[in-house]
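Take a look at the following structure, please.
Note that the chains are named A, B and C in the order they appear, and that numbering of residues resets to 1 at the start of each chain.
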């Protein structure tokens, strides 16, 4: 296994024969334990679904289920607009991250030019910078550029925060691509930019998917940057909208739970589709 | 179609180090299949990559036909290359792989389609045109790599160890296919391999390289019969030629205690007449133990190949030698046998320079 | 080709980092900054609130072993390929997709005075333990820590499962042949081989404990009661954006950066020495 990325077929699970549980009693006990853990891990989903199907009074005082809270959702949380905002911010940021990181990763992995390793270290070192350490000066800078009242400021922040690790991932991935395939491109008459676009980029789709899902979940679920850098309520993402409501403490809890479900759904869908790529991304930093 | 000419072409990776290719001069006539052979690090692949334009020449010139291509980009050299790993584009189908270079050249769609189908027909790839490389066997991938070169109808084919990823059996059948394909297309081919059997069986001529320096270029049998120095003698042929220390005496060469007569005129060896005597396993004859004029050898190991066999043994003075033993009755391990030189098959090299005398 | 990435990172991350170093030495309200010098730091080090915040961070770190041991055990159980393990794996991993904001909201109800935790406690006869968890400083921090541990389970479990998939199963078999029990095999054979993965999970969890809990705290406790659940990263936000002391906030950010950079460098050094 070359490079740092784990290949697609390499999902967790023993390489050869798993340890078989042969004693039926142990097997059932284990299965039962798994169910219990499952209940603990999925508890928030049960809670959200159950609560959202109650009215506020039935939540507080006990009582039957109804769709009252779902009907009230519209007036509490402009969720349609916010879902659109979240999607726009996510896609714009991820677009920038992918553009920057694939180009840089390809250059670091396959082209030699003076100063490359210094630039590489500079970009990768930024992984160590916590967002909270730069958020205050960045906020003031971006306020001075008058970018707090559009998507631009938040998109710039998300892009910059996501780029270092994405660049690391792409560099590792491109290093694992055999030089001969790129040389075949040279022989076939391509220039370096076209080799990047027509050979390297299509070959790196798995790595792109990994970056996409990592960043999507990160940006979709983020509160801090959105809270500070999306000053117009009409541009708020759904997570920021929810966070602002939740901090208010006076809100109708069942409605909040309905909103939470709405906000979580896209991330869950992306998660379920791209699960294996997310696993690759989470363990890519180990390097093998 | 064109000839290829290297003129003192050099490649130096790092200043102060031994050049990867050292002033290579080699002329390959139009339509020839020339094999570059040598151990790893001999510079054979580098020389090929210089011809393809993947490595710059740090000195000298390279010509394809009458064109000086030394400073041309690969795409303008009119060459095609088959890589060791095949380097197929994994995201394209076989048909797309085959046609890619043509599409890059903006050749009309119809023409591309025609050429791809022709090449697929020739290489029996037609049923696989819609598949991706991943779904092909090793041999099929190899043929796609060949096809990708063929569709371009280039002046020169560059082959960089194209068979080394195939299993032994497939390698043998594919090498004859490549050689006959080359003859049929009549195209100049430069073929790099580290396998001397491949070199012997495929090449119109074989160029042996060692540590960046061209040792000898010749037709395969000439190379086998008249190696120009100790390196070529030891590299070509399997099992390897026996190379034994000897001494020039008046009527021949003294080796392992006997004098082997040499009738032809020998050049003068260097210091105090020391020479290296070379003899291939089939240049030695087995005889009974202590027959007059034989060298006593203790048999250590016998390799039976069915049609014949090879006897590996040790001489009293410690040298190891290999002798071909025809037929099926071979001496047993541990026994003592006598070994006799066939004088006509003796190669004599200078003891110091290693050059043929 | 590296220019876009470099410019983006330099302008949006690198430059503000340098600004943060400068502003940490000033009194700054976001508009005008007055240079004061390193005394800003000594002044801060005399503030008991600052130490209280650091203490909270340290207490959170104490929860990290739990955030490693629990997923390690779960991964080991799943690695037996118990019936339905793929579904369990996805289910345990699913909370990773959920925002800390949502998790925080649910956790807030869970730990509330009339929340599920207290109902469960009285249901099993432990009613005397019932309390309004989020209104006590220590119990609120405990609630945050438990929520944090819970949300790290999925990620760490996946890291360990990936690690276990790389192990040579013959080693465990050899241990079995040598007469080791299941527990001994796990303890003496599996865990030592997972060292690299455990170390990686430890780092990820540590980094999360310091820098990923803003949203959770914001929604669940707002840092309170008092400074009860204010961690350093939350303190940065509060100092600058709630109190308006941008200079002090920048300084706290610098301190956070120094801590994280130290952790990161230690990690790199550890990895290097392994090779």
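We adopt the following convention: a contact is a pair of C-beta atoms (placed from the backbone, for glycine too) under 8 Å apart; a residue touches a chain by one contact, two chains touch by 3 or more.
Being a predicted model, the structure only gives us computed values, none of them experimental.
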{"item": "Chain nearest the overall C-alpha centroid of the shown protein atoms", "value": "A"}
{"item": "Centroid-based (C-alpha) most distant chain relative to subunit B", "value": "C"}
{"item": "Highest-count interface - the chain pair sharing the most C-beta contacts", "value": "A-C"}
{"item": "Computed distance of Cα centres, subunit C from subunit B, in Å", "value": "61"}
{"item": "Separation of subunit A from subunit B, taking each centre as the mean of its C-alpha atoms, in whole Å", "value": "54"}
{"item": "Rounded Å distance, subunit A centre to subunit C centre (Cα mean)", "value": "17"}
{"item": "Interface hub residues of subunit C, defined as touching at least two other chains", "value": "none"}
{"item": "Partner subunit B, residues of subunit A touching it in the complex", "value": "178, 180-181, 183-184, 186-190, 194, 199, 202-203, 205"}
{"item": "Subunit A contact footprint on subunit B (complex, rising order)", "value": "52-54, 74-75, 79-81, 83-85, 87-91, 100-101, 104-105, 148"}
{"item": "List of subunit C residues in touch with subunit A within their complex", "value": "1-2, 4-6, 8-17, 19-20, 23, 30, 74-75, 77-85, 88-106, 108-110, 116, 150, 153-155, 158-159, 161-162, 164-169, 172, 196-197, 200, 204, 210-211, 214-215, 218-219, 222, 232-233, 236-237, 240-241, 246, 249-250, 253-254, 256-257, 260-261, 264, 271"}
{"item": "In the complex, subunit A residues that touch subunit C", "value": "6, 10-21, 27, 30-31, 33-34, 37-38, 40-45, 47-48, 51, 96, 99-101, 103-104, 106-108, 111, 116, 119-120, 122-123, 126-141, 143, 156-157, 159-161, 163-164, 167, 196, 217, 220-224, 228, 239, 242-243, 246-247, 253, 256-257, 260, 263-264, 267-268, 270-272, 275, 278-279, 282-283, 285-288"}
